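Consider the two complexes below, in which subunit A is the common component and subunit B and subunit C are the respective partners.
The block that comes next holds the complex of A and B.
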């Protein structure tokens, strides 16, 4: 959502209707449209056709990286740079290094996941445009941008009305 | 599932004659092995009995524990899978009988029961206030009576609700479950200390009870998923239990796989680090000869492999794939208990043969008979539970 978009927006006040509408809009061939709801609506991601996020891969990779770095750092400190005999144990004593390795794994995985999430969502978005104040309490919207496949203003307006939207209007620069 | 396109149709479990016959054969083989073993190799058969008894008693208790958590957390999503967990819990009264039988093997298993050994062992004399046969049997019976009563009431209320639909029964199960979880934490810890840890009476680990619990819950979830998949493959739970329920159960399974590793490593690392002879004894036995590889197999096949196998989303939603992972975990749970029991008596070599397999099959037959009989007697889902709607529409987002 980095780029600003304009197009047509439809408003619903019924959760079940907007879910059906979203599916119909997708079946009509639109790809870039989005739905805005005040709370998570079950089945919406499927109806809109949102793919799974790639963030789990970031988490996995970052976790792996954190684990390797954490373990290597301990190895370097304890057996290369400043070896100290602790309780007669070998300089490289794997069991003693596991807790820190675990912690760096979790730390890297968590921090990189949050960072990736912020990046992907374009946060922090200061002062975003408000499409309709009711969208945070009791209304549901479907947005079809004008650069979507097979977009024509009249056709889209008719489709949204046909799907039972309470209100259909244009939006700019969202 | 979310759109509710599929109309839920609840099947009725019919156990085929061949399945019943198979369970009977298993039980017969178990009994035969046990009886022959008693005359041929008395000590060995009791080791084997203890291992299998602990395995299945834990599975039963795991079912009850899972049920109790759902009541305490007032969970809606799990209503449709709860009946199968309750079926596992029904094994607890049977395990009670198993515990009484175990009592007869006490002298073959526990050296602290032998008064001639205790007379020459200062440490065991100090521990005698707790580790003495009378108190041991009292505890064993007491724990099973308590667990049996909780099973009777918690599962009983749920079954009663199927007929009456009385919502008060759900409310009644809440305080019962809270009480059970609190008592279970203490009693199961002591139960594992009594039956397994005292095999090596000089040794102690304060985390031992939690270690056994981690195995209990991991294996119980695996058994629960296997039973559910079995029922789903028969088409008996259409519309009631779907991928989304399996997904959440598999998440729990993955979580408790990590929990197992966490507890196992905590126990090992503190003992390894402190390096005090009276504590390292346990791990020394398990770090030499063939036992080293058994120890290593626990790390690899009870944690690393299932953990990685359960990481992807699709893995938690694919029945056939889940089956393999659950089988692996259930096998490794046996290896885990075997690993806790056997090295105490066979320090230098691994012994595994018909004596172990036979007794295990006996318990397996009994367990499956009890579980399937309960499931065929009752509805496969608590159909009149007030929270069932939530479970019918359960949906896991990305």
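The block that comes next holds the complex of A and C.
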């Protein structure tokens, strides 16, 4: 993941307020800020300006790979490496190979998608810094890092207070 | 006219109260009822292990499978447990894709039921092979015997792939769903060891909006993959039977019939477990409400009638086909030496769930508990009827015989419940049994100003 960042954070205890705040922060011109919520908040992606996740492409590619490999492996086993006449059926018995092809497709698609999610999210994170233990329970935060466009500590603190944050403070090494 | 939605959580709660309620069973010392349950389940589990040990040591001759009934308790109970698992995936994946918000509070436990049921089921084919120390031959791996490969044209091998894929994807889906909740428990932990264990399980999750965005996408993809997967699994299980040439097995109705039966039996088990969870953890009654149970009971009655239709349809086709062997197989099922098992099946699966036409019955915990037990019994007998009655009288009367049930069949059948319940009780104690991060967004559904996104 990216290197550690520092900056200013604001804490909220109301979902709708943090959603409005996130939108306002983005309208104020900040680009690298992040929101931390205990559960996925409906509309937060638009408010923070997050693009649609690209993971479906991974799923598609992995599914294709799984299907092709699964079918090819069955063809290779049954027709090339160990061809046995079973009940007079052709060595490459396509209809009989479909169920396993389907299963390998699903297996590859699922496992690669999960691996992609873990990878792009920078997980697993060993001993990550927890800014506030309530952020996974009932509080919401907006973090504005000090390398963001037009960052100045005083301005950011004023903005977050203005947006109704219960608490505004500095954070380091997140 | 506007019909108001029932609230999904009966008492209005703050976010903190929801966290506290759901984390409580993980954080407090368990009560007496839980210990009693665990001790009983564990005793049964140990008995199961001993029984399996004897069957491994002395061989399959201890069990009732023999000529002509070569598939017996192991296969029957395997299909039974796999079927149980299907309702969990239906709730966690299919109802998720249909945006059914009521699923949120029961999805986690239903998914746990799936995982444990598939684990329990997976043991049976391994016992059934008779030489379990060679079970790794089921996997196609490079070896020094040729290499000799598995036969990919065999439905039994499709089953190996279907069940192992299903187990893997179910476990991953279940685990990924729990990651944010593990983070919640980690951040609440007061003890160092607990913080460490749940910290590892949570993968260091911190709830960033960017992470949630990818996370929700993957969750939806997994639901989308699990949906065709679950249908494929019982379809392929039914191929084990349908692809053979045996009267009573060789029918095209088997895949949908098996899937409907699986969902039916799984929902039966969901009711059995959820009524017990509600008794064991009274605070969960506000999350797993009578409205939830009523919806599940409606599904039980509907799928029960679907399997009833399948029974009738099988009979009709047996007569309509004009095939004497097929006709005999079905007449023999209903009126032959195993007629008792056939009528147990029909009463438990088709007749008894009809009580759910009455709203009072759908909302009565004792009634639904009793019905769910009958459903479990009925669905085990359905697989018994399919497996044993077709095998015991097939084509030539010289080849006919009865299934020689022994005490080892009984031991292994009942012992498997010990394994399942032990896993389930431990799960209730160490994992958050309701999805914290999924329940919070629906806490306003059915209240004024809430649930505005439909």
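Observations on the structure shown:
By our rule, the second predicted complex is superposed on the first by the 172 of 174 C-alpha atoms of A that agree within 3 Å, B and C clash if a C-alpha of one lies under 4 Å from a C-alpha of the other, contacts with A are read in each partner's own complex, and residues count from 1 in each chain.
The criterion applied here is as follows: a contact is a pair of C-beta atoms (placed from the backbone, for glycine too) under 8 Å apart; a residue touches a chain by one contact, two chains touch by 3 or more.
Here the structure is a predicted model, which means the values were calculated and not measured.
Considered on the superposed subunit A, subunit B and subunit C are sterically incompatible, since they clash.
When the two structures are aligned on the shared chain, A:96 is found in touch with subunit B and with subunit C.
Applying the stated contact rule after C-alpha superposition, one finds that A:109 touches subunit C and leaves subunit B untouched.
When the shared chain is aligned, subunit C comes close enough to touch A:134, but subunit B does not. Once the two complexes are laid over each other on the shared chain, residue contacts for A:46 go to subunit B alone; subunit C is not touched.
Of the two partners subunit B and subunit C, it is C that touches the larger number of subunit A residues. In the overlay built on the shared chain, the residue A:82 is in contact with subunit C alone; subunit B does not reach it. Once the two complexes are overlaid on chain A, the subunit A residues touched by subunit B in the first and by subunit C in the second are 40, 42, 45, 50, 52-53, 56, 87, 96, 99. Contact residues of subunit A toward subunit C in the complex are 13, 22, 34-42, 44-45, 48, 50, 52-53, 55-56, 59, 73-74, 77-78, 81-82, 84, 86-87, 89, 93, 96-97, 99-100, 102-104, 106-107, 109-111, 113-114, 116-118, 120-121, 123-128, 130, 133-138. Touching subunit A in their complex are the following residues of subunit C: 14-16, 19, 140, 146-153, 155, 157-158, 161-162, 165, 168-169, 172-173, 176, 180, 183-184, 186-188, 199-200, 203-218, 221-222, 225-226, 228-229, 232, 236, 239, 436-438, 440-441, 453. Contact residues of subunit B toward subunit A in the complex are 2-3, 265, 268-269, 272-273, 275, 311, 313, 393, 395, 397-398. Interface residues of subunit A facing subunit B in the complex, by the touch rule stated above, are 19, 40, 42-43, 45-46, 50, 52-53, 56, 60, 87, 95-96, 98-99.
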